[in-house]
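Following this message is one structure expressed as structure tokens.
A, B, C and D are the chain letters, set down in written order, and residue numbers restart from 1 in every chain.
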Amino acid sequence: MILLSIQEMTKRFGGLVALNALNINVKEKSIHSIIGPNGAGKTTFFNCLTGFYRPEEGEVMFNGQSIVGLSPDRIVHKGISRTYQNIRLFPNLTALENVMVGYHVHLKSGFFGPILGLKKTRMEEEKATQIALDLLKYVNMEGREDTLAKNFPYGEQRRLEMARALASQPKLLLLDEPTAGMNPKETQDMMDFIQHMRGELGITIILIEHQMRVVMNISDIVTVFDYGKMIAEGLPEEIKNNKTVIEAYLGTGEAADSH
Amino acid sequence: MKNVLKVFVAVCFLLSVAAMPAVAGNVVKLQKGEPVHLAYWFVTSGANTSLGMDTFRGVEIAIEDFGGKLKGHPIKLTGQDEMCGPEGGQAAASKIASDPSVIASIGSNCSSAAKPGVPILWKMGIPNVSPSNTAPFLTDPASGPDFDGYLRTCHNDKIQGAVAAEFAFTKLGLKKAATIHDGSVYAEQLQQVFADTFTKLGGTITSQEAVSPGDTDMRPVLTKIASGKPEFIYLPMFIAESGHVTRQCKEVAGLEKVALMSADGSFSPDFLKAAGKAVIGMYHSSPDFSALGDSYGKFLEKHKAKYGISPEAPFHAHAYDAAMLILNAIDKVAVVSGDTLEIDREALVKAMYATKGMKGLTGTITCDEHGDCADPKIAVYKTSEADLKAGLMPTVPFWKKY
Amino acid sequence: MTKAQSLWNQGVKIGAIGGVSVLIISLVGMVESFGKRDIIAGILPMGVAIALIISILAAYMAAKKTSIPEKSIQFANAVVSGFVISGFLAVFVMIGRSFNIREMFVGASPVLYNILTGGVAGAGGIFLLLLTGVLCGAFAGILHMLKDLPRKLMVNALLTIFILGLLQELILPILKAWDVGMINYLAGLFYTLNGLTPIGAILSVVIFCILYLLWNANQGAIKFKYASLPKEARKKSQVAALIVLAVILIVLPQFLGLFLSEVITIVGLYVLLGLGLNIVVGYAGLLDLGYVAFFAIGSYVVALLTSPQIFAFGLNFWQALPIAVICGILAGVMLGIPVLKMRGDYLAIATLGFGEIIRILVLSDFLRPWLGGAQGIGSIPNPNLFGFQMVKPQHIYYLLLAGIILVIFISLRLKKSKIGRAWMAMREDEDVAQAMGINLVATKLLAFATGAGFSALSGAIFASKIGSVYPHSFNVFISINVVCIVIIGGIGSLPGIVVGAAVLMGLPELLREFAEYRMFVYGVALVIVMLLRPEGLLPEARHKMEFHDETEAGAKTVA
Amino acid sequence: MFQKWKDRVTITDIVMWMIGGTLLLLCLWGSVSTIRAGLYTKSHWIDFLIFGLAQGSIYALIATGYTMVYGVLKMINFAHGEVFMSGPFTGYFVATAMWRSDFLDNHPIMAIITIFAVAMFVSTMIAFLVEKIAYRPLRGAPRLIPLITAIGASFFLQYLFKGLYGSGINAYPDIEILNGFWMIFGIRVLKIQVIVIIAAIVLMLVLYNFIMLTRVGKAIRAVSEDKEAAALMGINVDAMISTTFIIGGMAAGAAGVLYALMFKQVHFFMGFLPGLKAFTAAVLGGIGNIPGAMLGGIFLGLIESVAPALFLDGLGIIAPYQLKDAIAFTMLVMVLIFRPTGILGERLASKKA
């Protein structure tokens, strides 16, 4: 079953066409990788999906509903959550608070609930705290819930960001280079973790990734971007041997990488 | 921990007990060497600072002129900033009222500060004389017993605005007038009284305009006034704004020949500087100095010697008179008994209200039963080129009603 | 660094800075006008004391900053800088006596020269001035060489004298009001009518030293004891402390005189305002410089509804209060909507504009028939509680206390809720917060509305306290002051706001008699506090971490 | 369909458009009825425009200082109004001394140049010192902290000058050659206003070209784009920031003298209001953008001069000039709603996602 269906999505910045008539379908509970040289429009693609940018043309159907032009917060409510290429936690909130902000969309209490200390609100808060603690445990950060986010080492910040994204209990999770800057051991852990998420939580995952090893190992399907266009799509094996892809990487990709 | 708390509580308690005020007696007894304590509350910060500084200096010079001593006791002057507003007035008055040694106070500058402040002072039996509150309600019998200890040496706005209107209508024979005010309590009231009187006399008010304090470019608003073709403009504002209007009037088409008149708020040598040549031929309403010009001149000399500058705003002379009024009254009621000086607060207020025929800088000071002590002889002055050259406001009235 | 270099860099340069500082306070007239008040009667005028303190401080800094560890060089630097400071003054006096610089500098009066030269004319005075400078430097040098404890003891003892002398106008009337032989005797022992008695000064130093040493000896023990207590006992002692605090707060105004109560109510009003702005600036990170608008709205609504002037609705305070708060909230939403999409300083200037628009409209002749114009609205009745008229500041105090407790309670509850987290997330990173499903529009509006409601509450109390409202009471400086309170106290910290309000509003009120120089000192104080303690006086625990954390002294933290 | 529309247009959008529309309609209605009432002749309108232009060009000159500082430090330099005040206030004493010795009347051009030199020097020194003492140690602190020191510096400077020079109003002496009118195309124009407008425009052109063309100007622009990158390129960031303050101080000092020549009065509080207005102008034009600041200043001056008569008179609102600041600020908010980065757009490195 198709969870996310993108038709003819185009995004321009002035004269520059960042995304050019993309057509992508993402199957439910799949791990869908997006690769491509630097500047190919991968992060722009994420920004368009999450409502941060508004594509000029095209249609995005998520779970049977159109989500084009919705504000980012409404898109989260529909069930899409993301992480960032350069980690963007709330630096001066604690780990627990960070994750609880992620759970925000499921909290129903209003303005007066917390002030009056209504039982319903209290129960809801307790539940939220419990879920957040569980998530922290899930990402192996048990017992550090009161540390400020900015005081964690890099790898843990990545995991915390993941926990925050999971807290909204999304159907679709967008991961922007989750293994960037990690050593092989950490990368392996992250790969295991991503597969776990898909398996245990049943989440569909779209992944932007540079490390081919990761892509080839865990992806169900791979889409390749270059200059805002989709130049190939297929199983990892097919992509590995695709001529256009190799050209894109070796031909222009080298120059792009040296930037 | 608990011990510390106990000690802390005990200390707090002791302090609180120590701070418990005893009821101040009605008679102030001053031991030998103890000063006669006067308090002022003027505006000494913000945009109106010069008004407060000026009145303060008037008081200081008055105390010096009085000899600095009262029946062998030094005169002490302490002061507060009333910040030209009700909240500042309330705080300043509370501070003065909480000091039982204060015998009388001088202030405030702004009527809005006096409104909440005066009742606080009077509750503690401290009489107050203001040198510059011109708002009518302060001496209005309808404002109740809270203001029974209140007097002022400046005039009531009701008089001055009306004098200006009569002057314009009867003396100059002009039928169309416009007014400008700056949104201050003072100017707004004056121009309203002027407009009401002028209309009653049969004249037409072409427009009542307003600017904001701190505005400098008056040409647009003057252009607007010009479109109504008035023959007379009444601009009872303070020096800065009046100066701008006066200067720029000559530069606006259609207003070159119009007659200008301001009030005592800008009747100061500084206004001549602020307005420059444009001031020639302009009218001001102000208390009649003609009989007392000599003593005022001496005052100016002393001011210059003491502070290095001339007075910067109006009402310094009123402040001088206010201080003199208080000192004379204290002098009258203070009784020397042995080493101590006794001042009965009730007798003091009575003596202050009974002031009659005191020769002040601003005229002959006589208090009525509501506390209005100013010589209500408001005269109109016309500034000539000679005045501008001399750098002093005219001393001979151009017109007076009485 | 050679000795000569050190002498130039630390001795002369710091001396020059000190010299300019002393020159400035002399030229603005502080030395002269404070010369009339004595710290120690007949010995030390306050103006001179301030000049001396600055000189000693500068010389001490010169010694401390010396990069050469040799004691003699440090001492020499202190002396040199003391000499340089007095040199500046000496040159100034000589110039001032030969030329008329008073045309320009109004404070350059003969009286000032006399004070600076100790009343001795001619070259003798100049010599005396230079000698004083050298002595100051030497004193600072010796101070620097002392061990920690004696130095602290000495500095603090001198400060005690200074403060006791400074606050005479406050302490003496309180003592005198008591009018009991014993206290009168004590008052006479310590104070003359102008400054401390020499005996009083010596006595207070002795008393201070004893207390200080006692405290110093026990301090470690107390801290240790507290830290070693089990968690429950600690909680108990916290509860006990709270109860004591509550009792003190309740009985306080009974013991404070009229003036101190008045000061406390002023501080209280600003605490309320600060708590409201804290929601907007501290939690939600939206810099609002037009906060006074809601204060004005609260005041005017109460004035219009309760005063017999203009409309004569004839409501009482308690009926008008909720309406005022609701109007404030509505205004908050109305301001919120147009400025929602603006970030950072655009928001600041737009809100500042909003505050001015409200003030100008209230002042305008156009709306005078409905709002009173420049003449304001008077005759606002005092609040009446079950037939009891709340007239005195002591009564208003309780009203404010109740308001503050309520607002603190709401702030704390909200902070720990979904809404508080959303605010803080928005403060940290607006885009990510939105990507977490937070509706920025609703969250921002809620922050504006809550803050505005608190501000309107403060305004309502203000109107009934003062009894009359004028447009001039609601100028932009109120907004600026409240922002300063929130930041000086420590952004986001509730106790910080109380401290900030007490320091920025209470202290200047206590030192009312120095009216002329209040704003001058206020400005200097703002700069110095921010330079020395950028995290604020009483920061929230987490912000403390932020500032002393080297990895990310986040330049992007707050709006 | 309705569902789709509802998801995409928020209530706030609608409210904003309604507010904007209502105000626009009011302005139009006011303008039409003012013009139909025929209260003002053509020459009145021309006068309004020229008055506004003169006032606006001074705002523009001050605004460039704000905008440049904002560009490099991303902070509101609240003390800039006081920098503006300090120059002409000091210049007053020079002017008076020269007037007393008749130098002013005999060599007016030389005298005016001297006044400019003194005022610009003082303003520049004050701006430089404020940066060095109050802002530099706080580089890297959260953005609200320098705002408070700026406010503190502003209070300090105001009351310092009050203490030094007195609290009264000091009036610049009349300079004969600046008085009177010129007839330009049959329109009577005040000499001083023409001079102010031309001087301001020349100064702004010099400033703009300095920033755009010189090495130092390029370095300043680089610093305002990205401090770290600029430092890596070998630019001395601190020196560039100081230079920015110096240039801003010079512009403010010059603006201050023009202001004093036009309005004649100097006062310790005179910087506050123009400072506030100039900052508004800078934001109006798009902060960080020098042509924007110039445009914003002139726009603000025109609004203050023309709008009360044009918009409000026709609506029957009395004393409209009392409301001119309210109109100016409403305009500001309106511009920011529909163009959130000012008229010309901000020139800041926006590094969001």
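Following the convention adopted for this analysis, contacts are C-beta pairs under 8 Å (C-beta built on N, C-alpha and C of every residue); 3 or more make two chains touch, one makes a residue touch a chain.
Bear in mind the structure is a predicted one, so any value in this text is a computation, not a measurement.
A.B. asks: Based on CA centres, what chain would you say lies at the far end from subunit B?
C.D. replies: Farthest chain from subunit B, going by C-alpha centroids: A.
A.B. asks: Can you check which chain pair, B-D or B-C, has more C-beta pairs in contact?
C.D. replies: Per the contact counts, B-C leads.
A.B. asks: Averaging the CA atoms per chain, pick out the one whose centre lands closest to the mean of every protein CA shown.
C.D. replies: C
A.B. asks: As a quick test, compute the distance in whole Å between the mean CA positions of subunit B and subunit D.
C.D. replies: It comes to 36 Å between the two C-alpha centres.
A.B. asks: What is the distance, in whole Å, between the centres of subunit C and subunit D, each centre taken as the mean of its C-alpha atoms?
C.D. replies: From the centre of subunit C to the centre of subunit D is 31 Å.
A.B. asks: For subunit A versus subunit D, what separation do you get between their C-alpha means, in angstrom?
C.D. replies: 46
A.B. asks: Using the touch rule from the top of the page, what residues of subunit D touch 2 or more other chains?
C.D. replies: Residues 10, 159, 162, 166, 318-320, 322, 325, 353 of subunit D each touch two or more of the other chains.
A.B. asks: Please output the residue numbers of subunit A that touch at least 2 other chains, ranges allowed.
C.D. replies: Only 52, 71, 84 qualify.
A.B. asks: Mind pulling the subunit B residues that touch 2 or more other chains?
C.D. replies: Only 45, 53, 183, 208, 210, 212, 309 qualify.
A.B. asks: Residue numbers of subunit D touching subunit C in their complex, please.
C.D. replies: Per the stated touch rule, the residues are 10, 12, 15-16, 19, 70, 74-76, 93, 96-97, 133-134, 137-138, 140-149, 151-160, 162-166, 276, 279-280, 283, 287, 317-320, 322-323, 325-326, 328-330, 332-333, 336-337, 340-341, 352-353.
A.B. asks: Given the complex with subunit B, which residues does subunit C contribute to the contact?
C.D. replies: 102-103, 106, 108-109, 169, 173-179, 183, 193, 222, 225-226, 229, 237, 240-241, 244, 247-248, 251-252, 254-263, 266, 360, 363-365, 373-376, 378, 393, 462, 465-473, 509, 512-513, 515-516, 518-519
A.B. asks: Using the touch rule from the top, collect the residues of subunit C that touch subunit D in their complex.
C.D. replies: Listed in rising order, the residues of subunit C that touch subunit D are 24, 27-30, 103-107, 281, 287, 337-346, 348-350, 352-354, 356-357, 360-361, 363-366, 431, 441, 476, 480, 483-484, 487-488, 491, 517, 519-520, 522-527, 530-531, 534, 553-555, 557-559.
A.B. asks: Spell out the residues on subunit A that touch subunit C in their complex, using ranges where they run on.
C.D. replies: 50, 52, 71-73, 76-77, 81-82, 84, 88-94, 97, 100-102, 104-105, 107, 109, 111, 113-115, 117, 121, 125, 128, 148, 150-151, 164, 168
A.B. asks: Using the touch rule from the top, collect the residues of subunit D that touch subunit B in their complex.
C.D. replies: Where subunit D meets subunit B, its residues are 39-41, 43-44, 47-48, 51-52, 54-55, 159, 162, 166-171, 174, 188, 190, 259, 263-265, 267, 269, 272-273, 304-306, 308-309, 313, 318-322, 324-325.
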